[in-house]
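Presented below are the structures under discussion, each in the form of C-alpha cells.
Next come two complexes, and both contain chain A; in the first it sits with chain B, in the second with chain C.
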Partner chain A sequence: MRTRILYATFKRNFIIQRRAYPLEFFIGKILSAFYTVLTAYFMYNLLFKGQLNDSFSEFTGTSDYMSYVILGGGIYLFVVGTFLNVSRSLITEMRTGTIDSLMIAPFDRVGYFFGNMLQQTFTTSMEFLLAIIISIPFGINLTGINIPATILAFLISLVAYFGMSLILAAGMLYFRDTYISQNTVFLAILLLCGITYPIEYLPQWVQYISHIIPVTTSLNMIRNSVILGMGIPEQLNNFGYLMILAILYSVIGFKLLKRIEKIALENNLA
Partner chain B sequence: MIKTEGLSKTYVTKIKKGLFHKEKKKVEAVQNLNMVINKGKITGLLGINGAGKTTTIKMLSTLIEPTKGTAIIDDLDLKKDANEIKKKINMIAGGERMLYWRLTGKENLWYYGQIYNIPKDILIKRINKLLKLVGLFDDKDTPVERYSKGMKQRLQIARGLINDPTYIFMDEPTLGLDAPIARDLREYVKKLADEEEKGILLTSHYMNEVEELCDYIYVLDNGILIAEGSAKELALLVNDHKILRIEIDELSFELEKAINNICTQFSGEVKYTRREQHAEIYLTTKEDVSTSIATLLTQYNASIKKFLSEEPKLEDTIISLARREKNV
Partner chain C sequence: MYRFFWRVVKAEALKKHRTTFHSKLVYFSMLIWPILTFAVAYFTYKPFKLSAGAEKVGYLNDNNLVIFILIGYIAHMFFHSLVQSAWGFSSERFWGTLELIYLSPASRLAFVLGNAISSLFENVWLFIIFAIMMFQFYGELYFPGIGLTVIGTITLIIPAIAWGMFLNALFLFSRDTRILFTILEEPMELFGGVKLPVAIFPLWAKIISYIFPLTYSIKILRRIFLKGEELVQLLPILALISLVTLIMIIITILLLKSGEKYAKKTGNMALF
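Presenting the complex of A and B:
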C-alpha cells in the first residue's frame, strides 16, 4: 500500500467535503446524532414505557436499553458512513468523469480506499462523539467500559466494514446504481444485525444470515466491552471470528472490484 | 515509439428482447489495427462517430484490454507491462472531465502528482512550471468550478503532463472550445511535440485542426483501418480532381453555357450560386482548367472578384474514403 495515496485521498476528500458542505455539513452532523439519541429515547420511554421483557436481559446481559441502543445507533452511523464514502467512491469518480484519469495512472487501490475510509472514520468519529455527549442526559452509562477491548473491537470492526463496503462498491459499479443498492443494504443491516434489538428475537434461519454479516459480531463485541466491561481474553472467539470475516470480506471485495472495474470501463464504451 | 500489432477489441453487448430475455451481440470495435506513433510527432486518428477511435485510445491507455493483438510501447508490451507503460503515457480528453471541480487547479495537480508518486521537490517545481505553461499560475488557488471552459481545458493539459509522459493521447482536446482558445491549445500541442519531443496521438472532429497539426494520419471506419498517410497523401487517394472557386459580378446565360462546355470536356462538375450583387461558381474537374476558364472569363468581359484554385479539404477526403469503403 502506498501511504502517499492514502494521505492524498484523505486530504482530497477532506477539502472537497469542507468546500461542498461548509455549514450544512456541520448542522447535519449535529442533527443526525441528535435524532439517533432522540429516537432511542422515544422508543424506550413512550413505546416500551421504560419496561423491557426479561428476555432482553437474558439475550444481552444488561437491562440498560438506552446504552444498548445508543451504541447500536452510533455503530450504525459508522457503517453507513463507511459505505457512503468507500462504496460510492469509484462510482462517484465514474460519474464525475475522473475514473479514467485515475485508472490510467499506476493507481494503488488499497491506499485509495483506505484514504477514503480513514477520512470517513475521522468525520464519523466526530459525529459519534457528539452523539455520546448528547446521550449523557438521556442516560447512556459508560462507567463499566473496558477501554483496550473497546479499542481493539472498534479497529477490527473498521476493517470488517471496509471489506463489506468494497463488495457493495463492486455491486454499485456493476449495476451503476447507488441508491437502491445502498438503501437495501442499510435496511438489511438495520433489521438483521441487532442495531436496536437483539437478533435472538429473529427466527433461527434469519439469525444464521445475521451472523455472516460482520456488523452483528462487531456490535456484540463493542457492547460487551462498553456496557458489560468484558475484556479481550473473554471475547477471544468473537475477536477471531470477526477478524476472519473482515479478511474474507476484504479479499473478496478487492478481487470482485478488480473484475467489475474492467467490466465497468468497457461498458462505458460498448 | 508505439507500434500496434493487430490490435483488436470486440465488445459483447446485451440487447433486451422481451421482458426477461436478453440477446448477446458481438461488436467489433477495432479490428487488426497496425499503426505507429513516433516521439516528437503528432499522429492523427480519424473516423466518423463509432469508428473505433476512443476504443483505440483506451486500449493504448491500458484502460481496457485488447481482445487480440497488442502494442509495443518503447519495448514494453501493452498486455504484460501495463504498470510500467502507465508511467510513460497520459491522456487528455475534451469536455470538462478528469478534474475535481471542488479542488483548486494547484490541488488537482498535487493530487494527481501523488497518484504518480512523483518526489515532493520535483512535484512542486513541476506544478508551478505547468501552471505557468498553460497560463493558469495566477488562478492556481481558485476552485476549478469557477474556471471557464477554456481554463478547465488548459488545466486538463497540465494534468496530462503531470507525470512528464513520453506519449500523450488526446481525445477531442478542443471539443466545445471557442475559436481563439482552441487556437491557443493547438499551439500548446504543437510545442509539446516540437520542443518537448512528446509523441502525440490526436483524435478530433475538427478536420482543419488535424490538417494543421498532424504529421501522419490513420483513418478508421467501423473499426477497420481504411487509409493512412499525410493529409496531402490522403487527399490524393480519393481526390484526383481540381477545385476552382470563382466569384464574378454578373453571370450571363452565354457564359454559363461556355463554362458548362469546358466542364463536360474535362469530366467535371459545376455549381452556380447567384446572389444579389454577384455569382459564385464552384468547379471540380479531373484536370486543371484554370487557364481555359480565365481565358473564357476575359473573353466575356466578366468582372472577376475571386479566382481561387483550392486543394481538396481533409473533411471531404475522410467522407469520400468512408463512402468508398462502404461501396466496396
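Presenting the complex of A and C:
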C-alpha cells in the first residue's frame, strides 16, 4: 500500500513537472548555483588573488576555497529543492483544489511525502551533477574524495533535509503562506549553516543555533569526505549526531503535520 | 492634462500600497531579508585577507568594509524592490484588470510610474533606517556636504524609478515573466557590483555590468561617500547615468505603445 502511494506520488509529480514547469525552475536553480560559484571565483581569484586568512584553513582543515564554496552551493541546491517540493506539497494541493480528495482517500502520509522527496531528489541530483560539471573550470578538486563516506553522508543528509522540510510544511500550512516562510528559511540557512564560509566566523551564540540546524553538520560531513577524504570511522560522531537530528526533525515534523492538517482542512472546508 | 497625469500616478501608487500592506508579514521582506542578505555578504568576506584586496581596490579596508557593502545593498534594495514589484505587476494580466486599464483614458506612463514610485518607497524605508544605524555605529562614512549628498541620492532614485518603469512595461507584455525574473534578478546583484567592485571584473563581465543602471548608481555613491571625490571628477559618470536613464524612459514609452498597438490589432496582451 505504502509503496503504491509512494510510486503514484512520484509518477504524478514527474508528469506535473514535465508538463507544467518545462525548464524555468531547472534553469533558475542552475543559474543560482552558477552565480554563487562565479561570485566566489571573482572574489577569490580576482579581488584577493587567492590570499586567504590563516583562520580559514584552521576552521576548515583545507585551503581549497573554491571546492569548499562549490560544494556548499551544490548542497544548498538540494536543501532548496527539498523545501520547495516537499514542504510546499500540501499547500500546493490546497491551492490547486486537490487537498479535499487527497484527504478523503485513505492515503498514507509517509508514502506520500517519501514519494515527493524521491521525485525531488532525482530532479535535484540532475541539477547538482550539472552544477558540478559547470564548476570544474572554476577549480573544484575531487581527487581526494572518500566515496563510501560521501555516499553515507549524503544519504543521512537527505533524511535530515526531509525532516526539516516536514516542519516547514507544517508552518506553511498553518500560516497558509509559502513566499515569506520559504524565503526567510532559505536566507537563514545561507547565513547560519556555512554555505560559503565556516560558521566559526559567526558570533559564538549564533553558532549554537547553527549546530541544531542539520544542514551545518551535513555540510561538514560532505566536505570532510569530499575535500579532506575522511572516512566513516573518523567521522562517527558527526554521523551519529546528524542521524539523531534527522530522526528528531522527522518525528516532530510528522507529528506537527498531523495536527496542523486537521486545522488546515477544517479552515479550508469552512 | 498634466494634473490628470499625476492623479493617475497617485491612484496607482495608493492601489499598490493597499494590495501590498495587507499583512504584517510584509515587514519580513522589507527588513529581515535585506539584513540577512547583508550579513551573508559581510561574512563572505571573512575568509580573505583584506589587505590583498586593497591592492586592486585602494579604498577597501577593514574599517570601511561594512560601509562598502552597505552602500551596495542600499542601492540594490532600490533596484531589487522594483524587479519584485514588476513581477507582481504582471499579475494584472492574470487578474484580468489590464484590459480595464487599457479601456480607461489613464496615461499608461503614469500608471507604470505610480506603481514604481510606490514600490520603491514602501520597500526601502525600513532598510534605510537600519543602514543609518549601522553608519552611526561604524562611523566611517565620509560626509561630502549637502550638495553631493543630494546628487548621490538623486542618481539613485531617478534611475531606479526609470528601471522600475522599464521593467513594469516589459513584464506587462510578457507571457512568461519567471524567466525574465531569473535573468534580471540574481545577475543584478553580482554584475551590479553590490558585493564586489566592478573594477576587478574581466572585460566580458564588465560589459554585462554596464547593462544594469544599478552599476552606475553604486559607483557614484561609493565614489562620493568612500573615496570623497568632487563634483568635477564625477561629471562624466553623471552624464552617463543621465543618458542611460533617458534611454530607459524612451524604451518604456516605445514598449507601452507597441504593446497596446499589438493588443488592439490581435486581441492578445502578450507581446513576447
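One rule holds in what follows: the second predicted complex is superposed on the first by the 252 of 270 C-alpha atoms of A that agree within 3 Å, B and C clash if a C-alpha of one lies under 4 Å from a C-alpha of the other, contacts with A are read in each partner's own complex, and residues count from 1 in each chain.
Here is the rule we go by: a contact is a pair of C-beta atoms (placed from the backbone, for glycine too) under 8 Å apart; a residue touches a chain by one contact, two chains touch by 3 or more.
Since the structure is predicted, the reported quantities are computational estimates derived from the model, not experimental observations.
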item	value
Dominant contact partner of chain A by residue count, chain C or chain B	C
Which of chain B and chain C A:T3 touches, first, second, both or neither	neither
Partner chain in contact with A:S55 - chain B first, chain C second, else both or neither	second
First, second, both or neither for A:D100, with chain B first and chain C second	first
A:G28 touches, of chain B and chain C: first, second, both or neither?	second
Partner chain in contact with A:R12 - chain B first, chain C second, else both or neither	first
Partner chain(s) touched by A:E266 [first = chain B, second = chain C, both, neither]	first
Chain B and chain C contact sites that coincide on chain A, given as residue numbers	none
Residues of chain A defined as touching chain C within the complex	24, 27-28, 31-32, 35, 38-39, 42-44, 46-49, 51-53, 55-56, 65, 175, 177, 180, 183-184, 187-188, 190-191, 196-198, 201-202
Of chain B, residues touching chain A in the complex	11-13, 27, 29, 54-55, 58, 61-65, 83, 86-87, 89-91, 93, 95-103, 107, 110-112, 114-117, 143, 159, 163
Contacting residues of chain A [partner chain B, same complex]	2, 4-5, 7-8, 12, 15-16, 19-20, 96-98, 100-107, 262, 265-266, 269-270
Chain C residues touching chain A - in the complex, by the definition given at the top	25, 28-29, 32-33, 36-37, 39-40, 43-49, 52-53, 55-57, 176, 178-179, 182, 186-187, 189-190, 195-197, 200-202, 205
